[in-house]
Amino acid sequence: MTDISKEALSPPRSFLSQDAIQVFYRLLAALLICAVLAVLSDSFLSLGNILNVLRQASLTFFIASGLTLVVLTAGLDLSVGANVALSACIAGTVIHKTGSPALGILTGLACGGIVGLLNGIMVTALRIPSFIATYGMLWVLNGLTYWYMAGETLHGFPAGFRQIGSGYLFGLPIPVYLLLVFLGIGTLFAQRTIWGQEIYAIGANPVAARLSGIPVARRLLLVYAVSGTMAGLASIIFLSRLNSAEADIGESLTLPAIAAVLIGGTSLFGGVGTVFGTFIGALILTLVLNGMNLLSVSANWQPLVTGIIVILAVWLDMKTRRRAQ
Amino acid sequence: MREAAVVSQPNPLQRIPGVAIVLVLLIALFSAVAPGFLSVANLSNVLVQSTILTMLALPMTLIIMTEGLDLSMGAVLTLTSLCVAIVSLATKSMLLGLGAGLLVGAAFGFANGWLVAIIGIPPFVATLGTLGMAQGLSLIVSDGQSVVGIPHSVRDIYSATLLGVPVPIVMALVTYAAFHGLLYHTRFGTYIFALGGNREALRYAGLSPNKLLIVVYAIGGAMAGIAGLLMTARMNSGHPTAGLGLEFDAIAAVAVGGTSFERGNGWLLGTLLGVIAVGVLRNGLNLISMPSSVQVASVGVLVIVALFLDGLRSRA
Amino acid sequence: DGETIAVFTKNQTNPFFQTVRVGADNMAKALNAKTLQYIPTKPDSIPEQLSQIEDVVVKKPSAIVFTPVDYKAMVPGVEKINEAKIPVVNITDRSAGGKFLSFVGADDYSLGLETARFMLKTLGGKGNIVIIEGVKGSLTNVDRVRGFNDALKENSGAKLLASQPGNYQRLQALQVMENLMQSNSQIDGVLAANDAMAVGAIEALDGANRKAQVIGINGTKEAIDAIKSGKLLASGDYNGFAQGCLGTMMAIRSLRNQPVIAEIVLKPTVITKDNYQPFDVPLEQRTCPTFEDAGKLGAK
Amino acid sequence: MSSAALAIEPASPTPLLELRGISKEFPGVKALDDVSFAVFPGEVHMLLGENGAGKSSLMKVLCGAYRADAGEFYHEGNKVAISSTADAQKLGIAVIFQEFSLVPHLDIAQNIFLGREPKGRIPGTIDRRKILADARRVLGTIGFDIDPSTTVDKLGVAQQQMVEIAKAISQNARILVMDEPTAALSDRETELLFALIARLKADGVSIVYISHRMAEVFALGDRITVMRDGRRIDGVRPADVTPDQLVRMMVGRNVDMTYPRNFADKPGELLLEVKGLSSSTGISDINIEVRRGEIVGLCGLVGSGRSEVARAIFGADAVTSGEIIFDGKAISGEPDLAARRGIALIPESRKSEGLALLRSVSDNLVVSALKKLFPSGLFDQRSAQRTSDSLIRQLRIATPSARQTVGLLSGGNQQKVVIGKWLAAGSKLFIFDEPTRGIDIGAKSEIFALIDRLVAEGAAALMISSEQVEICHVCDRAYVMREGRIAGHLTRSELTEENIVRLGMHHA
């Protein structure tokens, strides 16, 4: 009797979960945008452009995938962009000084991870709301990076290292492979591990999660550290793709990453969302910019169009969610 | 956390957020080390510089109390500032400019409220979207250019004094008084607490939470309009990037001031102190010529320390 | 001796302004004065620079060397400085108003024009061209892009395919370039409004295994390196170092009642494979021009 | 069909309010199926039924919070529409909800008069003096002595319940609906409430009263309506039925209400030993022992600190001094450690502390057993569902499926989910804080049978309950608390309601 877990009696039922349905609708939205762009622009559907879109989406995705976990716990990490900048600058310096890309990559990941861990400590041990803790962190990191770089640019990295961001393997850009790998890992982690389940539970009700015996603080530390490490990974991709880094590269990365998470259907209130959704969110954002470039839409219109797309995407999501219930 | 069974009267000291302590410390520190910090001219500078942010942070407090957020405020301020510039340039009238700014600001605020309340889009997303739209419209109406040549009556708003007090400070004080009265002494203010604290309670009381929410966001937009006038007056021109990012400053000031992001607990005076603390910090560091990278980090440290102190005391 | 010069620049992130600051420090040291650097914590923030002006007016430095984050929006700030009777030199972006004892800058229009002309000459006056613009509405961008376009008009064989924003940002320029390559199978030339964007565009071209001539503006270290290695065709020399030196020099000279030059607009130099050597010197090792040089450097 | 509602005729022939043929369907659940229901002036009408029978749903339809799919409303014989809470208010209907509808950061007065604030002189403002005076008056009528300018977040559960009551009373309603009003009240407050009900009744106010406590049904009720599975089963008078008959009507089968226990002859080995425990929440010098095979009660008045003892043992509140020895080893730390070592806490507030309301029943049921069910660390949704399905059956949780969102279950079924999640975890010591709050009689006896089996198999339980009858029935022995300390210990033979009250009361 005490061991109900062993009494697995009823037959398994197959079903499409709510999450799967949402992801499906979101994919549909992305395809719709693709269809519109394909009609408007001849070059859109070329293989080259599609790979191009995927590669561009990958950078946003790397940052946004870690962020998704944070948002699933009802937190936010506003420091991801600043983290990318600092990690890139430090990793770049290490590669310049030691000539070893491997060491540089490790440093970049470690730097990102440590920043994430510090965020986690502020949120758990110091009990500062994540929004504020990471906003404070954002400025501390900016200050550090500005001081460290003193207005310089790091540039010129070994060709081998640069393959990570710009190279191809069997006709596909390497970042696209990385994207697939991390999409897989992220999805497996969130959906198919008990840690993932615990993260959802924490987001849905942190008090209940703690009283259910979940080590909330440890899981939060993990989640912020992962988010930081993914920012570190993004910094490496950035570095090797752009062959250079400077202090201000992070500023323009944060809001798109958050937007990707939200367009992807992850709720800021925690407990709801998927990593795959975030991938599609990143894809939609990238498609929109790609489309505007292809169609030579004036720069003035770009923020307006992006803003409308963000609202439309989330609105569509909610419509379908209601119907699906 | 957990409610205690025994009713304890709130200790007034406990309500002082960490920022009040930090503010006092900062003032003491800079009085000692920064020559000229305590001069009337300098203090008046700090206050005048804080007025625009005050006008955003006060309505932001109300919005955050409804468990909402307005990320579009900086961009809307930018747009309204441009509207003030363009309309006052065309009509030679400061008041028409202000009217245009107010109208556009309130329209955006209304749109935010509509998206959040009626359409049901989470505030963060809705206002992230309108942020893009306001920013885009700013670029479109100005074609990315500054708008100059506006009438002197606009610029005078920023530099004039009333009984020796700079007009922006007067405006900020009036705004504060209005918000204080609104939140703590009117029915509407009571409902704002309920919007964040227990929306169902409002519904059962026969009130429409949606309408109330729209009004709260619209107030935010309208205040961005008034702040837009000050911004234009301050720059004596309109500029398509002038206010970008100010929303985060406002949110930080609100949080530092002790307003929580959950369950409708807000404190207006704390917000004011938060705004001033940021102002004092920047000013003081400038006066002692702190390297700029330290200044960058210091704002982050301020935010973290103030919230940390808050957390410490709420646990005690 | 011992004057304090407050130096205002736009941000801490753009390498260009670092060269300005180093130049200013260099000159101040040489003349036995000292500098105080004022930089907005948020890059290019208008309200913050206005506040910094208000703060500095209280502090009353001997003189100010001033780059407005926006040439129009900062006019009321300049007027405050004027009211406080602090002598001020304008550098880099020419302020739309206020009284300055001197202006030191480069001519963005000519820079755009000359670098674009150089590229078109290399291309034989024809080809498919794209422009990657900087931040909309900034003075430097408006003038540079105007220069680019005027050069294109001089060459009827050149065709402008697109003019898209990269906001002076490397990543944005890279992605814009990647996207433009999709819709345009043949791109012969890229006119980027600064070096960071030019280098971003080069990375995009490399990534797609395509070739095009690229030019940038500023003459930063990475641009010089790229010119050396043949990836970048040319960069317009914006010479922040000299701007910083000369701005500070004029401020100090006026304090010492020495004659100043009211306007120095540095002659546009197009840095290419053939003339990069003098620019290939680390910042710290550069020396400020003398007052005598100043007259020669300026176009006016 | 409508005539069925009038099966038993009260004194006045025209009902004050009548609902006819009400149906309400939620996805997968027919919450109300052609229900008719009538309230007559000045009566106390008891509404009974199992968890999930549709009682709360019916009341929500009645007060306009839910809109019925089908059905009609008659007010004093006239057809009316109730499509919003405002409509209901106009008809003089006020409700004390099962879920609290208070605003935490407003004071008691503002909460009581939310939406009906007395106007101040300046338009839009509130007459502060009047609102406080009015509130004081209302609080006086229910005998609740508290400063109305206290903010609600400072109040305990019982006090909040009293404010809810004051709020409903202040509307001068003609029909007052109370959905399990005493679930969170102590005896003293319950008595106050009963006196109030008597007074209201005398004034001609009708009261609809939902409760799972049999004693209340017979003490208060003039008429009884029983519901089962969304349908109205019958209407009776208390005088005409026995408790057993009522239960059979509710549950559709016989239920043993004496909660039989198989008391062990001699207690097992020591499982939990609490020595001189004090915590940051105000309990001090607590000494408690629990042996395997025992159910130990923890009694006392509301506010005596029972929950705090439970939380401290579980690691949820910081321990300031003392020792907790579990299964031979000292334990100190966060709840996850306690849970890993085999302690389970069924907390007092299911909504805020027990459940992730937006997640599924299945997610909630397995959350504490993840490590146990999936030792590899890899989670499998199907096997989690199988475990949940079996728990759902055992605890008779009324839900369309394991995938239902738990927040959509009825109150009592939610409580069952909270208990269920610790069954899956295979814990050794179960700390129950008000485990049967809001649970129907059938389920209650099932839960006690379950606890009995658990301890018979070598587990142990520490049980907090405000229902002293329950403690007396099921516990081997009990500790009684007073003002944050253990005031005494009662063995099985000493365990009577009298003794509990005597020990728990403040000394004069």
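So that you can tell them apart, the chains are marked A, B, C and D in the order they are listed, and the count of residues begins at 1 in each.
Keep this in mind: a contact is a pair of C-beta atoms (placed from the backbone, for glycine too) under 8 Å apart; a residue touches a chain by one contact, two chains touch by 3 or more.
This one's a predicted model, so the numbers in the text were calculated from it and none came from an experiment.
Engineer: What chains, if any, are shared contacts of subunit A and subunit C?
Structural biologist: Common contact partners of subunit A and subunit C, which must touch each of the two, are B.
Engineer: Looking at chain pairs B-D and A-B, which one is connected by more C-beta pairs in contact?
Structural biologist: A-B
Engineer: Taking each chain's centre as the mean of its C-alpha atoms, give the chain farthest from subunit A.
Structural biologist: D
Engineer: Compute the distance, rounded to whole Å, between the mean C-alpha positions of subunit A and subunit D.
Structural biologist: Result: the chain centres lie 43 Å from each other.
Engineer: How big is the gap, in whole Å, between where the Cα atoms of subunit A centre and where those of subunit B centre?
Structural biologist: 30
Engineer: Centroid of subunit C to centroid of subunit D, CA atoms only: how many Å?
Structural biologist: For subunit C versus subunit D, the centre distance works out to 71 Å.
Engineer: Which residues of subunit B are in contact with two or more other chains?
Structural biologist: 139, 144, 291-293, 295-296, 299
Engineer: Would you pick out the residues of subunit C that each touch at least 2 other chains?
Structural biologist: 12, 41, 136
Engineer: Per the touch rule above, enumerate the chain pairs that touch, sorted by label.
Structural biologist: Inter-chain contacts occur between A-B, A-C, A-D, B-C, B-D.
Engineer: Mind listing the subunit D positions that touch subunit A in their complex?
Structural biologist: 27, 314, 316, 334-336, 338-340, 345, 347, 352-359, 363, 366-374, 377-383, 385-387, 389-391, 394, 403, 421, 423-427, 450, 453-454, 457, 459
Engineer: Could you please specify the touching residues of subunit A with respect to subunit C in the complex?
Structural biologist: 41-44, 46, 48-49, 52, 55-56, 59, 139, 142, 146, 149-153, 155-156, 166, 173, 238, 241-244, 246-249, 251-253, 289-290, 293-294, 296, 299-300, 302
Engineer: Hey, which residues of subunit B end up touching subunit D in the complex?
Structural biologist: Touching subunit D: residues 2-10, 181, 185-188, 190-191, 193-194, 197-198, 200-207, 263-265 of subunit B.
Engineer: Please output the residues of subunit A touching subunit B within their complex, sorted ascending.
Structural biologist: Residues in contact with subunit B: 122, 126-129, 131-133, 135-144, 146-147, 255, 258-259, 262-263, 267-269, 299-308, 310-311, 314-315, 318.
Engineer: Given the complex with subunit A, which residues does subunit B contribute to the contact?
Structural biologist: 115, 119-122, 124-126, 128-137, 139-140, 143-144, 248, 251-252, 255-256, 260-261, 291-304, 307-308, 311, 315
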